Each structure stands twice: as structure tokens, then as C-alpha cells.
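Quick one: the structure is below, and I'll ask about it shortly.
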Amino acid sequence: MSEFQPKIVAFVCNWCTYAGADLTGTSRIKYSPNVRIVRFPCTGRIDYMLLTKAFASGADGIIVSGCHPNDCHYTSGNFYARRRWIVFKKLCDFMGIDTRRIVFSWVSAAEGSKWADIVNTTNEEIIKLGPYDSYHKLSTQDILE
Amino acid sequence: MEEIKKIARELLAENKVQVVLGFEKGTANKVRPAFFTKAEDIDKLIYNEACIHNIALYLKKDTCQHAKGVAITATPNVVRSILQLSAENQITEEKIHIIGITHEGKCAGILDFKAAEEFSKTQPKGLKPEDKALIEKIQAMSLEERFDYWVEAFSPCIKCYACRASCPMCYCGKCNVETNNPQWIPVASHKYGNVEWHMMRAMHLAGRCINCGECNRSCPVDIPLNILSYMLSDFVLDEFDSEAGLNSVFTSALSAYTVVDKENFIK
Amino acid sequence: MKLGFYPGCSLEGASREYNESVQAVAEKLGIELVSIPDWNCCGATAAHNLDKELSLSLPARNLALAEEAGLTELVVPCAACYSRFTVTQHELLHDNAMHKKVNEIIGKEYKGTLRILNVIQFIEEYIIDKLEDNMKFEINKKVACYYGCLLVRPNKILNFDRTEDPQTMDVVMKKLGADSIDWAFKTECCGAGFSVSFTEAVGRLSGKIIEDASHRGAEALVVACPMCHSNLDMRRPAMDKYNGKKIDTPVIYITQAIGLALGIDRKKLGLNRHFVPVKLDNFKPYVKKEVVVENTQIMEEI
Amino acid sequence: MARIGVFICHCGENISATVDCPKVSEVAAKFPGVAYSVDYKYMCSDPGQSLVVNAIKEHKLTGIVVSACSPRMHEPTFRRACAEAGLNPYLCEMANIREHCSWVHEKGDRTDQKAIDVVRMMVEKVKRNNALMSIKVPVTKTALVIGGGVAGIQAALDIANAGHKVVMVEREPSIGGHMSQLSETFPTLDCSQCILTPRMVEVAQNPNITLYTYAEVESVEGFVGNFNVKIRKKAKSIDETLCNGCGMCTTKCPQKKIPNEFELGMGNRPAIYVPFPQAVPNVPVIDRLNCTYYKNGKCKICEKFCQPKAIRFDQEDEIIEVAVGAISICTGFDVKKTDFFPEYGYGKHKDIIDGLQFERMASASGPTLGAIRRPSDGAEPKKIVFVACAGSRDPAKGIEYCSKICCMYTAKHAILYKHKVHDGTAYIFYMDIRAAGKNYDEFTRRAIEEDNAQYIRGRVSSIYERDGKLIVIGTDTLMNHETVEIEADMVVLATAGVANQGAEELAQKLHVSYDQHRFFSEAHPKLKPVETNTAGIYLAGACQSPKDIPESVAAASGVAGKISCLFSSSELTREPLIAFVDRIAAPDYSSCTGCFLCQPVCPYNAIEKEDIKDRAGNLIKSLAYINPGLCQGCGTCVAICKSKSIDIDGYTNQQMYSEVDALLNS
Amino acid sequence: MSNPHHTEDNSLAGKVQKHTGVKVSRCYQCGKCSAGCPVSSDMDFPPSLLIRKLQTGFPKHEEEVLRSKSIWFCLTCEMCIARCPMEVDIPPMIDYLRGESMRLNKANPAAKNIIRFHKAFLNSIQKTGRLYEMGLIVDYKSRSLNMVQDVVLAPSMFAKGKLKILPELIKDRKNIKQIFQKTLKNKHK
């Protein structure tokens, strides 16, 4: 394939965004197949270490998505997650990790078309940015180097 | 100085404490942390400008853990560490006798936690100007430069874990880096493993670090680790109005939230 | 104190008494109004009806000139001009492409830094606090404050007072000692846009307004718009025809009312220029209310 | 060694039209640890399920991945199949290649690749699944009913009559709710209080029902079957056990001019009062804000006249704790006041009233004893205008939804008006007549044909007062959109039905969700209309959306049915996908350091402190412990734990890490 | 946002939406605009009926709209949008329809006077930069051939100092001319 097809991982919560993505399917709204969805019970469960792990394993972009504020199935998981992301994003920015490649969003179970939009815009954005070579190289270099 | 010794001696003599944690003269004109268990040994207890190490670290060591009472000569950084450890349920007030020492080196007497909180708030704090300058320098860099800077800065790391060993907040029995199922952090000290290790450590200290700078001092290869956690502490203070080391009961920016936390980055 | 000032065509022509009263009041209270150098007509309804870009460009030229002259606040007493200016500012600041285009058309750089004040905002911010010390008379009359369309609509853009049953003018009139009545036609359109071209409709629309005010015992209508004024003042024959009776309730500008309270000469306020004679007189001399000392102390403490 | 089975479903053509299923199956067969891989037309069909069951048995599978639709659809189906085959049902994972793949992507290599990746991901995950046992929790067979309107009354009676205990909490001094304020009810015109009062009395007398009026829910903890509820019983300043309801106190109270809430300000009441004559319980309360004694420290006239000596000025709020197994929210609705319409005078005209005020006016027990009178001067209005959709279907100034009940009650008002003012005319400005319901359309026809209600299709632009009349200006869109001007004596606005005050706080106390209008949200708009997203908490009546009486009652009976089902056995089974703290050998006991930074993040207060002691009883270590009965499995504590001492079944660190690892290292 | 499943809407309503953002399908025909409109009785189709005609999209109705008196009688008093429950912004829609009506030479004969007045007004500004009321009235009266009307008013206006004999000229009239050339002239060539 000549054209660059990014690898995008989506970390989503079970109750809102996963269900929203189900609705995208039920509504037959098309989006880029470059995304792989990983299901979590709640955004509160999403460990930031999985994000760096995903980059290390070859992801070019990451979507993290859950319920809108006040809609969390567990009432507050998304609030703790949001705070963690605020801090994590700051650290990433300071350390030169490309946070343009991490897209945070709220997609409810009713927002099927928003999910398709998020995936498509992220896909386009990552295509523009190109493969995340600097991080990939870091993680695959020879240990003895 | 004599006042500190007097307090320490009395505490031991009255058996209010079994251990006094402080400094003694080391070799080659250096100072070293010491445990004093007898009142007569207190003569050896010293305090001077060289005693900058954050000895709150030793409160979690067996000698202190097994004692019923512990006294500690505590500079502002040590006091802040003690308060944060208390906030995280690692030590209890009944057991700890803080012999406060101000940033000017004066004895502030025995501080209970309430007094310690006041002490902590009023004592000056902050980074050295050169560290601040470095933070600003890094923030002015481009994304790629920042990344390269840190990869390069971490590359001499030999994963000796002195940073962890010297940090009073790194008290976990089993550190994440030793968790191997799954192997979150690569063990080897290659560039990737180093970045991941220091990144994880910075996240774990976010909102908890009291900025004593011990990690940087103890690092044999001089990585400016402290500015990572300092930058985050500063950010957490700005963003969530939360600061470590000021409170002896629960505080942690990341175990809390407000409905109005900033959201401009979320689609 | 220096404020930017845009008189507009009406205030230089058919509604010069409005200008005269604004100037007289400002002068009396030591406020300097600086006209935009070489200002042009805002385009009014005509430009707006026939071409959108023209309707934005004409006001934009004035705004740009005001900015060039280093003005930061601009008083626009004419409600029509005020509306055109505010709408232009809103549209251009919310539509980048149009903003660029208009800048190109007028050959000037409009930045959007000006704060535009209508006459009531001007009164609220710069005049009302000075009244107590300068008032000579109380306007002890029953008045009906008439706002018309342009001061309150479209509310989303102007964001001034509430759309229905606005109160700002009433507050000023009450401060002047008037009994401002609650009535039904505060914001109904008077039809000024058709004053020349479709006078029958004007007779009906304005007729209803003047009738309701006089029916409820108003001794005068108070306005802040030259369009409304010339319409309600000059088209009285058409209104009387519609109402089937003669109504001689005069229509005065709010600045004229302030002028009267300040004891300014009637002629200086242009009251002689009205078609419907303004007979209001016998005002009660104003006595400054004694401020209770304790309150002042509390105020000072706060 | 893992022996994983992979089952690729075609879902008819739903998947196979886009994804090359045989190819996916072929590739999956080569994944490490996969012992068996097959594709089939309908995996969820009986033969499909048999295929799974047989494969598990035949190939001695240690876990399966069903690659088909969303797990939200068929996960339970395939878990059952596992159980049938003797495999722990939690050793089953689903790879979603329908909703997340075939339905959203075009046919092609990249789509096939995605399906393959998704399957590999789940294979890696399922290898690390643990066999889990479902959790049994006991059920407390008492229900809490919040709100004593008609929905609450119905729910409480039905549950009580099924033989279970009920605790009812009502905010006002009496139960009855809005229905007790209504005059007559559509479409039958039977008197509201006549049909409601017997049921109110029944609630008071039913031995299974404990009634707390003038009380509010303070806090709720726990989970389905095991809620702990604190109820704040506000001080009535009356000893309810002594009061005989003689009413002497209310007649003697010197404060007489307090606007009566029940009459919506159209009548007055004393400071010690019973909201209305048929109140249940018939016990007065003292309104402390308006009582002379509480204001000035002097009076106590009521106490002097109270024969049973039941007045208690020093009474304090009481907190009552109850354990319940299920909760029914029946908190009802509120109506918007007339003051938010700028064009209708911001509520300044006395003769513009809302529908509920008209109800009180038309009620025989109301402030005018059933006569229709102008509030301004007490005259009988000869021309009355009803404005439907006043605030409803109005995104600009009101609410965007249809309040549903207004069309019917406005028709009823027009009929009642005509019955009371024979020479009067009622005009109704409306946009649509929404009268779907048994005998509903007939009812509106009756208003038009028999009671001469003048329906005008159009909205009212403005209303103003002139010479004591209200000038109503509207349009008739059926008459060339002409302007219609009516000189009315009185105007009734059918204001919108909105969520009740305090709904938001209650929702937060109960951890249930609510919509943008602050109405409580049902779990599923069609199939779970009376459930909330929180197990064991149900909804009935207008707290969910505007509802009329029959609908509210039907929903309440529905809730009672649901709760009776829940109470039919003494324990219930829960999914074991919950968090736990690791345990290791002494001397560490756990990698948990006892920092308890996880404790505040748990929305269910499930994280407790566990002390490890030696034989002498000395504390060795304090550890976090997650109460399996309380944990709902969000996993927020897992991500917060620095030492990774907490993990969560179903989404363990190992599982999630492997998923990410597998997905990308393809 | 536009629905990708729909092709471009070439109806008049579609054009209105494209050029002004006003979506006529939002109107549910409550008629509140017509009830509040001060000139609805002068109109052939009150505002809500005008919208209804756009909603159907029948050529007959669209033609009626473009040839209507209504679009010219609108005073832009904004009462309709102030009270519209669905926030259908009628005034900009009418502005657009006027433009279309002129462009297609469909302006209603009854609107002649109104258009003439507007043109005379703009003419005045174009020449002098400001409104020259005397000139305007003379210009308008000569355009409308309605010499009698308002002749009564002029002398008394003059007497009260309300009419000036000579126009006020602004300095940079070139700039004004430019503005007219780049906008009006450009389009009506």
C-alpha cells in the first residue's frame, strides 16, 4: 500500500462510547477501518501506561473516549479520568510526546455519528502527521545500543 | 543546636521515643543520617547546612517502624514529607515527634501535626533558579527538541533506582517496575525503558511530590529528574489548587475532581 | 472626559433638536463629545434592504475611521445608526471572510475594538450619577417611555435590556422625578421605515402607539430614536386620521427631558422645533434628598 | 497450555458481505494457542450454539472467542453455551466484527485485516481470562417509595398488597401530590379527590406501609437488594402520636395571611396548617418561617388550645435509617409559572393564570369554591382565553419537548368553564390537538361540539392589559394567517410541565442518570421504561417525563411488579466482574501499601480498610479491601493504584495489556 | 450540518438556507410571527404563510413569494424573530428574497415606491456621503411622480430648521464612491 494508513487504537468505555460505536454500526455510518477498539468498563479504568504502551507497540494515534460529564454509568469515573488526562497531557507535552496524536472525546451511546466523525477526523489528522516514527524507533531500538 | 539536642535527649530519656532520627558526622567532613537510640549518644547528633538530605525517608525503615515513638530533626522539606506520608496513611501522629528546624537552621521546638501544617505553609519553598531556567528552556523548545532532549537526558540512566530509594514518597513495597505480569516497564536501561520508567515515576508523584530535590541529588548521572515532578506540582497547584505536603489528612489531586475541571482539550 | 460621537444624518438634519439636546446636556455635565472625522451615512434601511455588503461597508467605514482617530467608546444617539453599527460589528466579528471582504471594500482596516453605546447606555454610564448634583427641576409628569424596535431587537446581538417590556428608559425617567407609566406599546414598531413611502401604514402603526399612551394618561412620550421621533411628531395628521380624533401628546427625546431637569434653556434643547408643541412646564424645583449619615458611614466602611 | 476456540459468524450476510469470514477463520487458526477455528452462517442460532458446545467438548477448549456482533447483544447467549458445555462462562469473549467492522467499513483488505486483528486481540485476552463464579447477594424485602403522589401511592399499595414492606417518604405534610389539587379528571370528568382520597387513606392504614411525611431522603448507600437509606424527618413541631386532628390550632393561629402553597397563592393559610382538608395524615405542621413564636419568641396560642397537648416547639429534625432492597422514584413534576413569558407580561397581570391555578379555581374545595373568578377583581370572566403550548415546544424561551398533558387538560378546562359560566365563551389558541388515548379525542370533540370551545389554530404573540381587559393578539393560521385580537377577561396559560425541584440532587444521591431537562432517565426507552441504569432503582410517574394519571398509575404498577419479582427470592445473582486487592504471602500479605488514595475515587464506598494483625492482636499492616457486594466494577481504583495492587476481573491488567500488545504487533 | 445523504437543494428554501442559514423547515406554522408583525395586515401573505409557501417548494408558491408585496412591506422591526419559538430568523430571509426578487425582475408593482425611496436614499449618500434630505425628497418625488404627498410638510420643516437647502459634503467622497462601486454596482451591471 503506497498511501500511509495509520494505526489507531481507541480506548473506550463500555457504557457510552462502545455503545455509541455500536449505534454507528446499527446506523450503517461508514468510517475508516484503521481504528481498533479496546473496551473498558469505564474511562476511570483506563491506565495511562496503556497509552504509552500503545505508542510503543506501533500505534500512530490514540482515541480515548467515554461518557459525557454527569452521564457516567458509575457517576464519576469519567471525572477522575478527565483529571488524570489533564495531568498526563501536561507531562507528555513537557516530555515532547506528541499529544496531537491522542484525541480525548466524550461520545454518548446516542452519538453514533459523532463516533464516526471522531474516528475519521483523527484518521485524517494522523495521516497529516505521518507515522509516529520517533516513538516507534525508541521502542524498537537495539537494547545494546 | 543545643536546643535540638536537649529536646532529643529528653525524649529518649523519658522513653517517649525509642529512636531519634538525625545526622551525625561522617567521614571526610561529610554528614550522614543516623539513628540514635540512647540519650548519651545524642552528643553526636549534629545539624548544619550540610544536612540537606530528606531523612523522612527513614521513617518507613524497620528501625522506625518497630519503635513506639520516633523523633526526627526536621527541616521544612522533611516536615512536608511527614505530612504527606501522614495524608497517605503511612505514619501516624502519635508516633512521630517532629523537632522542627527552620530554613534558617533555627530550632522551632516540637511540632504537632497542626503546628507542622502551619510551619509547612510559612516556610519558603521553591526550586533553585537554575532549575526554573531549565524548565523554561525546555518549554520554549519545539516538540521534537523536547523529545530529543529528554531521550538524551535519560540515556545515561543505569536504572540504579537511587531516585526511588532516596524518595520518601516512593514507599511501595513492590514497585511497578518490578511487576512483570504484565511487564509494564522494560527492565533494561535502554532509551525506551528509561523514558517509560521516568515518565511513570513522574505520573506517580504528580500531586504528591514535595519537591525536596532528593532524587536529583542522589542521581549518580545527574539527570534533572526533579524538574519533571516540580513542573507537575506547579501545574497541579495552578489547575486544581492542590499542593502536597501541607496537610496531614487526605489530599491528592488525582484522587479528586471537580465538575468544572478544564475540558477544552476534549472533543 | 472625551467620548467618540457619531451624530448621523438625521441629527444633522430633520432631527437636529436631538443633537442639540445631546450636546447641551453633555456640555452642562462636562462631557466632551468628539465627532468621527469625515463620517458618512450608515446606509440605514435602504442599504440594508438592497445590498448586504453595502449595508455592512457603510457603517464599517465609520467604525474604522473612529478607530483611526484613537477612539475607544463611541456614542451613537440615533437608534437606527446604533443598530446598523452594532449589527455590523457583530457580523464582521463573527464572519472572518466577510470581515476581510469589507475591509477590502472600504479600503481601511476595521479591527473591532470600539465599544458602541446607544444613548441610554451613554446616560446610564456617564450621566445618571451626575444628575443628583445638577438637577434643578423634577419632571413631575406622567410619561410613556417608547423604545421602538431598534434599541431592543435583535436581542441576541444588541443584548441590551429585555426585549419585551424594557425598563432602562423608565429608570432614567423615574430618576428625573417622572411617573413613567406601564403601557402596551413600548416596543411596537412605529413604521418609520415607511414614513415617506407608505404613509398610510405609518398612520396606523404610530396612531396605535400614540393613542394607547394618551389613553393611559401620558402627558408626553419619551423616545431615544430620531426615526421614531420624526415619525410620531410629524405624521400626526395621518395618525389622527386613523384614530378619528386629534391627539396632541407631545413626543420628546430623553435627552430633552434630562435637559429640562437640568434647567437648560428650552430653545437650546430644540423644543421649539417640534411639530406637536411641547407644552410641558411648571416643573417642581428639585430638592436634593438628604443622605442619611449612618448609611454613608457604612458605605465608607465597606 | 491454552486451547482456544475461535468461532466466526457470518450473521447471514451482515458480516460476510463485507468481511471474508473463511479467511479470518483460516488466519485465526494459526494464532498461537488456537486449537480450533471455524466460520458459520448464524452462530447465535440453535445449530450455531450446538457447534460451539460440541467444539468445546470435543477439542477440550479452555476458552472461546466468538467473533460476531457486539457483546452487548449476544455475550449472555454464548456464555450460556459455555456453561452448557461445562466451560466456565467467563472464559468466553466476543470479537465485535459486525457493529464495529462489517457495518461501518467498505469491503476490502483493510477491513479483513481489522477483523483479523480484532480476533487476535480477543484470543490474547481470553487466554488470560479467569474462571469466575457469579456473586450471590441477599435481598432486603422492603421497598422505599420516594414521593406520595398518585404514582407513589399506587406503587406502595401494589407492593404492600404483594406482601412486602414499604417505606414511603413524602416531602410535603400530606401525600396526594398534584392529583389532589386537580378539580376533575379527563376524559371522564370524575372528581379527582373523590377517587384519590380513598387510596390515600388506604396508604395510611395498610400495615405494610410506613409513611413519613414532611420528610426527605438524606442519603442512599449500598446497592440492589441492600440499600441503606437515611431519611430526614423534618420537625413538624407536633407530636403525631398525640394529635387527634381536631384542627383547633389552625383556627386559633393569629397568622392568617400566609399564601397557601396548595392553592398556588390564590388563598391563605395560618402558620400551623394542614395543607388541605382531606390531608393524610391529618396532622398539622408549623411553618417555622412564618410562625409568630419562632419569629418573635412569643405567642404559643396553638399550644394553649391544643387539648391533647401535642404541640412540640422544641422538636428537631429526626434522621431515620432504613434498610431497603429496592427504591421507586415517584417524585412527580412541576409546572412552569406564568412569569417567564416576556410577551405575556412577565407574570405581572393578575388575570393571567396557569393551568394548575385554574384547577384549584374549578375545584369545589378551592379558594373560590369552584366558581371561576378573576383574581384581580373577583368578577366572573365572560371571555376566557386558553393558550396551549405556553412554554412547551418552545426552544427559544421555554422547553423544546411537548408537555403531553396540556391538550387534554385545556379541553377539560374549556368544558368546566362552560359548565360554570353558561354565557361565557372560551377561546383556545393551539398548534396541534394531541389527543391520542382511550376516549381522548372524543373528549376534545365534546369540548368543541357540545361545549362550544372556540379552537383557533395559532399562537398568541402578545397579551397586554387595557382598561381591565386582557388584549390577546394571536393568529388564525387556518384563516389565511390573519391576526386575531380578543378582548378577554381572563387568560389561562397551559404552561409546560417540567422536572420537579430538587430532581437533580436526588438523582445524584441515588446515582441514577437524568436527561438535559432534569427528568430521570429510564434504562431503555422501549424495553426498560420503568428501570433506571442503577439496578434496584425504578421510576414511576411524571418524574420521568410529563405523564397523565392513567400512565403514571400504569407505570407505578409496573414498578411494583418489577420490585415484587426482585423480592420473590431471598438472594440475587450478580456478575462477578469486580475489583479486588491482591493477596500475597507473609510478611507482606499484599503489595498494597495502604495509602488509600483509591478510597475517595470509589463511587460506591466499596473500598474498606482491612487490618492484618498478628496472633497477639498487634497491627501488622492496614490494607485496602474491596467489598464485593458493593463494587460495581468501574475499575477507577485499578487505574489509580500506583503499586498495581488492585485489579479487576474481566478487564485485568494482563488482559488489557495483552490486548494492546496483540493488536498492534501484527 | 448538511446531511451527506441529501443532494443539493435547489429550491428557493434551499437557496435561502445556503445564503442566510435560515432553515424554513424549522417553522411549525404556529403563526406567532404573523400575529406580532405590525404590517401583516398590509401583506398579501403574512410571514408564516410566506414561510409555508417556501416549505412546499412548489414552483407556483415560490413564484408567489418572489412576486409578493410581503417581502417589501417588511419593516425589519425584528418582532418576528424576537417572539419565534423556533428561532426562524425571518428578517435576513426577507432581505435575501428581496435581492432575488430584484435580480429576477419580479419585484411587486406595489413595492415600486418603496424601492424608489431606497434608491433615492442611496443615491443621495453616494453623491454626498451623507443623507441630503431635501435632495432626497426631490429625487424621490420625481422618481415616484407623487408630487403632492408631503409637499405640505416641507415648508414647515424648513421653517423649523429641519431641512437644509444645501447638501453637506464629506471630504473623502471618492472612498464612498468606491464602496458603492465594489458592492451595488458590481452586482447590478
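When the chains are written out, they are named A, B, C, D and E in that same order, and each has its own residue count from 1.
Simple rule for what comes next: contacts are C-beta pairs under 8 Å (C-beta built on N, C-alpha and C of every residue); 3 or more make two chains touch, one makes a residue touch a chain.
Note that the coordinates shown come from a computational prediction; the quantities given were computed from them, not determined experimentally.
Trainee: Find out how few touching-chain steps suffice to connect subunit B with subunit E.
Mentor: When the steps are counted carefully, the minimum from subunit B to subunit E is 2.
Trainee: Go through the assembly and pull out the chains touching subunit A as well as subunit B.
Mentor: D
Trainee: By that same contact rule, can you tell me which chains touch subunit C and subunit E alike?
Mentor: For subunit C paired with subunit E, the chains in contact with each are D, in label order.
Trainee: Find the chain most remote from subunit B, comparing centres computed as mean CA coordinates.
Mentor: Result for the farthest chain: E.
Trainee: Which chain is the middle one, judged by CA centres?
Mentor: Smallest offset from the overall C-alpha mean is found for D.
Trainee: Is the number of contacting C-beta pairs greater for D-E or for C-D?
Mentor: D-E
Trainee: Just give me the whole-number Å value for how far the CA centre of subunit A lies from that of subunit C.
Mentor: Roughly 56 Å, centre to centre.
Trainee: Please compute the C-alpha centroid of subunit A, do the same for subunit D, then give the distance between them in whole Å.
Mentor: 32
Trainee: Whole-Å distance, subunit B centre to subunit C centre, using C-alpha means?
Mentor: From the centre of subunit B to the centre of subunit C is 67 Å.
Trainee: Nearest whole angstrom, what separates the Cα centre of subunit B from the Cα centre of subunit D?
Mentor: 49
Trainee: Among the residues of subunit E, which ones contact at least 2 other chains?
Mentor: 79
Trainee: What are the residues of subunit D that contact at least two other chains?
Mentor: Each of 343, 462, 601, 640, 653, 657, 661 in subunit D touches at least two other chains.
Trainee: By residue number and range, which residues of subunit C touch two or more other chains?
Mentor: Touching at least two other chains: 163-164.
Trainee: For this structure, give each pair of chains that are touching.
Mentor: Between chains, contact exists in these pairs: A-B, A-D, B-D, C-D, C-E, D-E.
Trainee: Mind listing the subunit C positions that touch subunit D in their complex?
Mentor: 162-165, 182, 184, 212, 215
Trainee: Please give the residue numbers of subunit D that touch subunit C in the complex, ascending.
Mentor: 342-343, 345-346, 348, 462, 464-466, 471
Trainee: In the complex, go through subunit C and note every residue touching subunit E.
Mentor: Touch list, subunit C to subunit E: 9-10, 12-16, 38-41, 43-54, 57-58, 61, 104-107, 149, 152-155, 163-164, 187-189, 191, 193-194, 196-199, 201, 205, 234, 272-275.
Trainee: Under the touch definition given earlier, write down the residues of subunit A that touch subunit B in their complex.
Mentor: It is residues 48-49, 52-53, 56, 69-70, 76, 79-80, 82-91, 93-98, 103-106, 118, 134, 138-139, 141-145 of subunit A that touch subunit B.
Trainee: Can you tell me which positions in subunit D touch subunit B when the two form their complex?
Mentor: 588, 591, 593-601, 622, 640, 642-645, 653-654, 657-658, 661
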